[in-house]
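Below are structures written as structure tokens.
Consider the two complexes below, in which chain A is the common component and chain B and chain C are the respective partners.
And now, the complex of A and B:
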């Protein structure tokens, strides 16, 4: 069973397919849950504290805006733990503010720099593309550690 | 600054989305209540949220998924249901988030089709999925030439 990093990290489709085919999806919810379930000081809405941009320094330089560094404290550990990644490139809804946009660019760069197997896709716009999309993900996951041959 | 002590510490929450011509979220909720055994089930307009110990949640989710495997989709959620920071009952209006889910649910019938077609696919057939375009973007030097040609 391999740990598979997802991009977009909140993707329902990727999260479901990776778990369905027997691997562990690394999604943003796991990092949010970890913070929500840790006692400390109240810091709504996501329990992101001033410590997070400091932790983000591991993945982004000090002159990078704190919004990017704070987000990287969520995604950075997952990128480091990942054994493979699936990236959907036309996820326009994940653009958000400049903090999100720059973090998204940094995430893709760091994933590629790790030299792990990466599957690059786009969202399927019709049923024929959907069939190929699911088959490609299944084939990719089968080649990973613990996948069915 | 006030102290924060988490509710439902040690629990996991999973979303169960149903987009099926044969099953509604309330059908799914009734099935889930039948096997819940103390696990918290919250019915929503798109499906369910299931909160409890990880093993119990996994058991319920796998049983629910078996009802209509190609049309039931599951993902993790960070917050428990009804959390004051996210629940719209406390926020006084529409809740932030769900944009990604709304977008992906619009495409999920294509994924269902793919899941249904998977067992009948000949082994060894190479998939041809939609991939990002490799067409290069507009080169800066080329753009400069276009601008200069328009100015002259």
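And now, the complex of A and C:
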């Protein structure tokens, strides 16, 4: 069983897929609803305190906006703990979404810098691509330690 | 209007840990923050229509929410735009949304860039101004002072009091702020004595400035009001520009205000004060270092050439260092005074005036407007003639006295 970091980290579907294929998803699985009634698209369910942006200084310097550092205080430890990662590029908002583009750039960079197995996929645009998308994820997960042969 | 509903358009406050502070500041002025309810599909097409191609999904959401407000699909009384400090992408969106809402609706807007250190206290004056504009439009529309009223401005550096009767200033009081209540009592005594009236004669009292709540309570004021709306009102009243657009600049001892005014009511405004290099306090320090009274700094600066002395610092400590270095290198006090004025004007220009639409007439108010060198430096930067009305140093007290007359019994 491998710890797999997911991007977008909020993706419930991705998180479910990883768990189904026998691994531990590292994510902040959160349903991005059809109607948005919160401050941001992926507002955290719990109140983050001003301490979190300070903890985020481990991954981003003080001149980096506080919103980026606050997010990094959540995702930084997950990236460090990850043994593999799946990155879905250009995902639809409903699939999973992260509000800050600068954090997204930093997260992807830090994941790639870790030299762990990474699956980079484009978000599928039709059913056929959707089937290939799931197959690619399954194949990737199977190759990981503890995955089904 | 009871509870004012403020629509929040933002990126990053919940991950910065400051959403609670924003909510608290709004609650303190009997307002509530809400997030305009949108569908995911709305984001896509509103964002495309707006045409600003940003990458962050939360900024796209803010754009879609702004469009929903302007198009009347979501109702609000005021708008608060907040994004992370130091995010260039967000700064562009913040500015464009503020302008877009200001130009296309009657909604009062304030924008703010926060850090994790932002507190409810920092946001309070801005929220108070937002809710006042929404709640008290009729009061702010008042153009004439009636009866016998007094305004007291308990500022961070000085306390001012003004007594007005039937649209005329008949008494003033002024002194440096030390103990807040004592300073207020002294300023009031001076103003009453100059006006030849007593406290009992007054029909209404208004207070403003940092000490407004304490002094308001002490004087049993009829109106306790933040300085953004009060100063706007006082400025257009004294400059006799109550109708049409104007811009009010107030460089204070602790913070600066730049307010875009329409028919005497603030539309958008910024209030800054993180860096003392851009405040009146720096000019006070300059005059002390030059060994002249603050009232002599302006005339001194008018005789100097700012470009002869390099001085341009956000920070009062570094600014003072430039000042000391220049004097040690043999610069004349005139040139140093001019450079200090230019430095303050430039910081205000760079940090704040970019966030409001500068429309003539530009009115400078507050104690620093009496420093001619500062006014000239600002004129050079803005390339326009600046109006400094009579009694400009009493602006908050005049605005308070004017608005307080709306509280005279039977009015």
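Please note the rule applied: the second predicted complex is superposed on the first by the 125 of 149 C-alpha atoms of A that agree within 3 Å, B and C clash if a C-alpha of one lies under 4 Å from a C-alpha of the other, contacts with A are read in each partner's own complex, and residues count from 1 in each chain.
By definition in this document, contacts are C-beta pairs under 8 Å (C-beta built on N, C-alpha and C of every residue); 3 or more make two chains touch, one makes a residue touch a chain.
All figures in this text were calculated on a predicted structure; none of them were measured in a lab.
Undergrad: So, A:71: does it touch chain B (first), chain C (second), both, or neither?
TA: Once the two structures are laid over each other on A, A:71 reaches chain C alone.
Undergrad: Quick one: classify A:47 as touching chain B (first), chain C (second), both or neither.
TA: In the superposition, A:47 touches chain B and chain C alike.
Undergrad: Going by the contact rule set out at the top, does A:59 touch chain B (first), chain C (second), both, or neither?
TA: Neither: A:59 stays clear of chain B and chain C.
Undergrad: A:90 in the overlay: touching chain B, chain C, both, or neither? Say first, second, both or neither.
TA: first
Undergrad: Which one hits more chain A residues, chain B or chain C?
TA: Of the two chains, more chain A residues are contacted by B.
Undergrad: In the superposed arrangement, which partner chain does A:130 touch: chain B (first), chain C (second), both, or neither?
TA: In the superposed model, A:130 contacts chain B only, not chain C.
Undergrad: Regarding the shared-chain residue A:10, is it in contact with chain B (first), chain C (second), both, or neither?
TA: first
Undergrad: Counting only touches as set out at the top, which of chain B and chain C does A:38 meet: first, second, both, neither?
TA: Touch status of A:38: both partners.
Undergrad: Pick one for A:139: touches chain B only (first), chain C only (second), both, or neither.
TA: In the superposed model, A:139 contacts chain B only, not chain C.
Undergrad: Do chain B and chain C touch any of the same residues on chain A, and if so, which?
TA: 32, 35-41, 43-44, 47, 93-94
Undergrad: Residues of chain A touching chain B in their complex?
TA: Residues in contact with chain B: 8, 10-13, 15-17, 19-20, 25, 27-33, 35-47, 89-91, 93-94, 120-127, 129-139.
Undergrad: For the complex, which residues does chain B have touching chain A?
TA: 1-6, 8-13, 15, 17, 65, 73-80, 83, 85-86, 99-101, 103-105, 107-115, 117-118, 121, 125-132
Undergrad: Can you list the chain C residues touching chain A in their complex?
TA: 8, 10-20, 35, 37-40, 43, 54-58, 61, 84-87, 89-90, 114-117
Undergrad: Show me the residue ranges of chain A that touch chain C in the complex, using the header's touch definition.
TA: Touching chain C: residues 32, 34-41, 43-44, 47-54, 63-71, 93-94, 97-102 of chain A.
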